[in-house]
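In the two assemblies presented below, chain A is common to both, partnered first by chain B and then by chain C.
Here is the complex of A and B:
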């Protein structure tokens, strides 16, 4: 047996050990937490965090073991799953099962789901890493706040105007910045965000650094339904688009824009459309968030920490997928809530570390990893292992006596 | 104040921006990374000097303040080398998005740890001077700013000489041109890249010490300097030290003129609008080679 052969086998063993090892670790954590719950220590936030981590490890590794089946199931029943999610989320709120804390957590999870998915539309699907999406959120929020406060416009109407404003702004900015690629695009969009902050600080209509206080806002449950509706709509739209020519063109632009142009595709049109769609949804949740928060000022409307947070969410979930960013948003947002109550002030440190670890350890994201595992499983299922062995043998032969 | 005074102020401050940008351009050119944590190196360098001077009693003479600059540079060299070796090296040859993201992650982590450790209060290094300003032809020139100006130019010049004249400098330029070929002729590419990262961090840290003496320090200051560096590098062209110098001096002048003639609350908006305009109309910079084919 050559060393190369041995190495391949060791890697296989390690991969399996890895999955089962993490599974065992997660199980152990669950058992420990269960014992803690039954014992005198009772429940604390810390044990809830442990429970979440343990549950994640177990579920994730079970998913990895059954990657093919899981993906096929999700693919076949996508619309049913979305409907179940929507109905379930409405039901728990309507039945009053959520107290105000968990309602807040869920509402923010939905909001970040929209933000991450919107970012992914331009950053993941189209390959333009925008670092300025938060500008649309702020523009939406300010439009709604100013219209509501100064002109007494009804809130539902302000939502429409806010979304249109974000769209128009995106179209104008897009014509300029979408000509840039890669790092240049990233920094230019970050520049757009910072300019937006300064403009909001200096104009009188936005209330300068003092911001705008909103009174007589609708209650939280209504905004909960609103955020949920936007999220479900956006998932449906993005999922539908990803099966159409539009979605394929976006992915083509990401993979090779010159080739796409050479094929006669008007890439500017598609890029601007994706960017505009991204801005539309981002602006819409911004417009909902302002009355929910009852206050808007430059630092919160153009929150630069959130700006990174939803990129990280999309990235951890898996860029270029539909469900990845949403799952990433749910996971990270609930994690941030827990860390916030356990170690106040450290959430951004944790976020930074999570980013670094994920970039190095899981560059494909969770859903991307699941897809990779599924294709690897299929490869072995159809006798790919033998083919791989033959290739390795060929490689050995050509390399001569190196081994 | 007269327009000439604004220009002089701008040139004095702009030299520091230029020095920070030179380090940024160095990593971009050699390791092919847009280092979003570069501003944090400036911040760390400034805090290094600050704490050394606090240990020495708070307000010190010019000589001691200057003596802390090499110490800060040495510390930052180690930080930069370690960052590249341990973290960034893992994704160096992967997609640009990953390197952007990992450096952004490092930037947040350092910045937030700095807030936890030293609080978000702005601080500044107090240097005792009996006679703080000199007057030339009706212009006021603060001595500290003049000193920082000279210091920044010296740092830039040293880097330029290092890259042109020493063996290690040649190795760095070789790696920038062609990593594979450099490896073939026996250059340890990863080590050279890490050294480059260290040098870049050291230059930024040295500039940070001077910035702490004349402009002040706070944990979230980094992002501004990263973006300024980006503006300057785009303006001057990637991999061009003279370009970065001219870019830095111009940016400083433009900012001071905006602050003086319009309002200091608009400086950032003006410089970032300028960045976007520059990116769109002159992406090759004024001095650099073409950046076509950037993925």
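Here is the complex of A and C:
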């Protein structure tokens, strides 16, 4: 008993030491960069990068030290925080504080937020790793483009039809592919995406490989508001669902579908619903992207690079959490834009490094890691358990020593 | 009886038998895992199912719960023929099972594990509401009962094995079972917790009037708790009786000790 207590204590101390260590390193970097900025070297591109790393280390480790408090605050004030975000994002655009460049950055952050959160609904919450979500994006985009261009349908109406089309398509495909699990499901959904690309290339209504050019589209500000509205709505919907039995059931499917079935849950119904909801939101932003881009062709509608990018975003932010994928999307998108302007051509290299560091250092993603830390701290307070104490302490020790 | 074997043989004890299997046979290719097993569990009983490894105990469980389709024979629940029913149907009829390899929803919190195991709030509209007060109170009660209330926000998969076992038990109770099927409740837990588990099972049986069928390898455990015991070997039922009868049964001793 006392040996275990001592061991647990030591590991707690080690975890904290790790966190303080990284905090000190981050602080040192910030001071050094600051001194350099004061001196003759002035602001260099490399120093900006160091500054960003130092700032991240400081902020992240401060968050880790206050993990329980941070999560409780976010949980207690979730709706207020969402409202503040929504009002703030509308205000900066309406007040003209965003120039065209930053407006583009923000618009894409919102869109990728939706894509990552939608993927997480099926991939993270339900545990079905879809590699075909871009198919819904393309279907939404093409539906809007064809209706707008060929039939003169008003854009708001095309959005509704596009979302419904994506939903129906998901339901039909879902009946077939949702019987598969894990890697088999991933491959099957990737197949769906590849088929969608080929079909779009060969149909005349989609303009084949030439695509469709859209004219007389609304200005960027309107699409900015549209993307923002979809993002805020989706965050609200997913957050609300995560507190209901529906949300819990999705998690049981991820954790142990066999057990869920034995407990009397009709898992087919739930996972099809999650997949449909994921498709609906993805199709909706696809339908906004087409007029924003003023052009749609198979390569942009079913962008396979994006298909991977929003999965990476969800993982970096923390799969199975509500805000994680959105933060991951915001972080990666703004990082890509910043690197592109500072070190043109290096964005994929930096992205690769970020992915590797995250996978090794933060396997649960940012929000996931915060949750684990809070959970481990609670376990210490409770006094741990026979076998679990040491395991939890070990897990925590590794958490402390990462960035 | 010969003209109508199903109703004929079931009629005698239909009112008390909660679970009855008749001639249940399950084959996997050439292997007959369960071979024409007849058994019954009466209301309010605790029945043990013993047998060496590979005797077909878990397979029989799976045949009863509807996880496997039986090749021959019938399964009755409260006198109704439920042969071929899905696990979902059986579970909704009040039959709850626990697994040999303790299964909890690892990445969900302890409290969520319980809330989602409730059989209340399962109509369509309730799915989209937060769990009802009634469900929450029941979850709180059960958390206190198995002494896990300090861990309610803990990720279930991060707890110790023994704690997960207790959680799985609480989840089964959360589903408000009429019959509880337990696969090795004393497997892999320490001696002091075995005592605790005995109390929990007895309590569930007497206080909450849950009929219990359990598989167990720990002979002391099963002898102490079971009202009646069935012994299986090579898929066949080799003995039935009270713990004392089973302990003195030559066929059981042969099967366990490998005497020929």
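Note that the second predicted complex is superposed on the first by the 320 of 403 C-alpha atoms of A that agree within 3 Å, B and C clash if a C-alpha of one lies under 4 Å from a C-alpha of the other, contacts with A are read in each partner's own complex, and residues count from 1 in each chain.
Following the convention adopted for this analysis, contacts are C-beta pairs under 8 Å (C-beta built on N, C-alpha and C of every residue); 3 or more make two chains touch, one makes a residue touch a chain.
Model, not experiment: these values are computed from the prediction.
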Which superposed partner A:177 touches (first chain B, second chain C, both, neither): first
First (chain B), second (chain C), both or neither touched by A:378: second
First (chain B), second (chain C), both or neither touched by A:129: first
Chain B versus chain C as contact partner of A:186, first or second or both or neither: first
Touching partner for A:199 - first (chain B), second (chain C), both, neither: first
Touched partner set for A:259, first chain B, second chain C, both or neither: second
Partner chain(s) touched by A:320 [first = chain B, second = chain C, both, neither]: second
Contacts on chain A seen with chain B and repeated with chain C across the two complexes: none
List of chain A residues in touch with chain B within their complex: 129, 176-177, 179-184, 186-188, 190-192, 194-195, 198-199, 201-202, 304-305, 308, 311-312, 315, 345-346, 348-349, 351-356, 359-360, 363
Touching residues (chain side chain B, partner chain A) in the complex: 34, 87, 90-91, 94, 96-98, 100-102, 104-113, 115-116, 223, 227, 230, 234, 263, 265-266, 268-269, 272-273, 275-276, 279-280, 283, 291, 294-295
Complex contact set, residues of chain C against chain A: 65, 67, 87-88, 91-92, 96-97, 99, 103-108, 112, 115-117, 119, 121-122, 126-131, 150-151, 153-155, 157-163, 171, 175, 190
Residue ranges of chain A touching chain C (in the complex, touch as defined): 241, 243-246, 248-249, 251-252, 254-256, 258-266, 320, 371-372, 375-376, 378-379, 381-383, 385-389, 391-392, 395
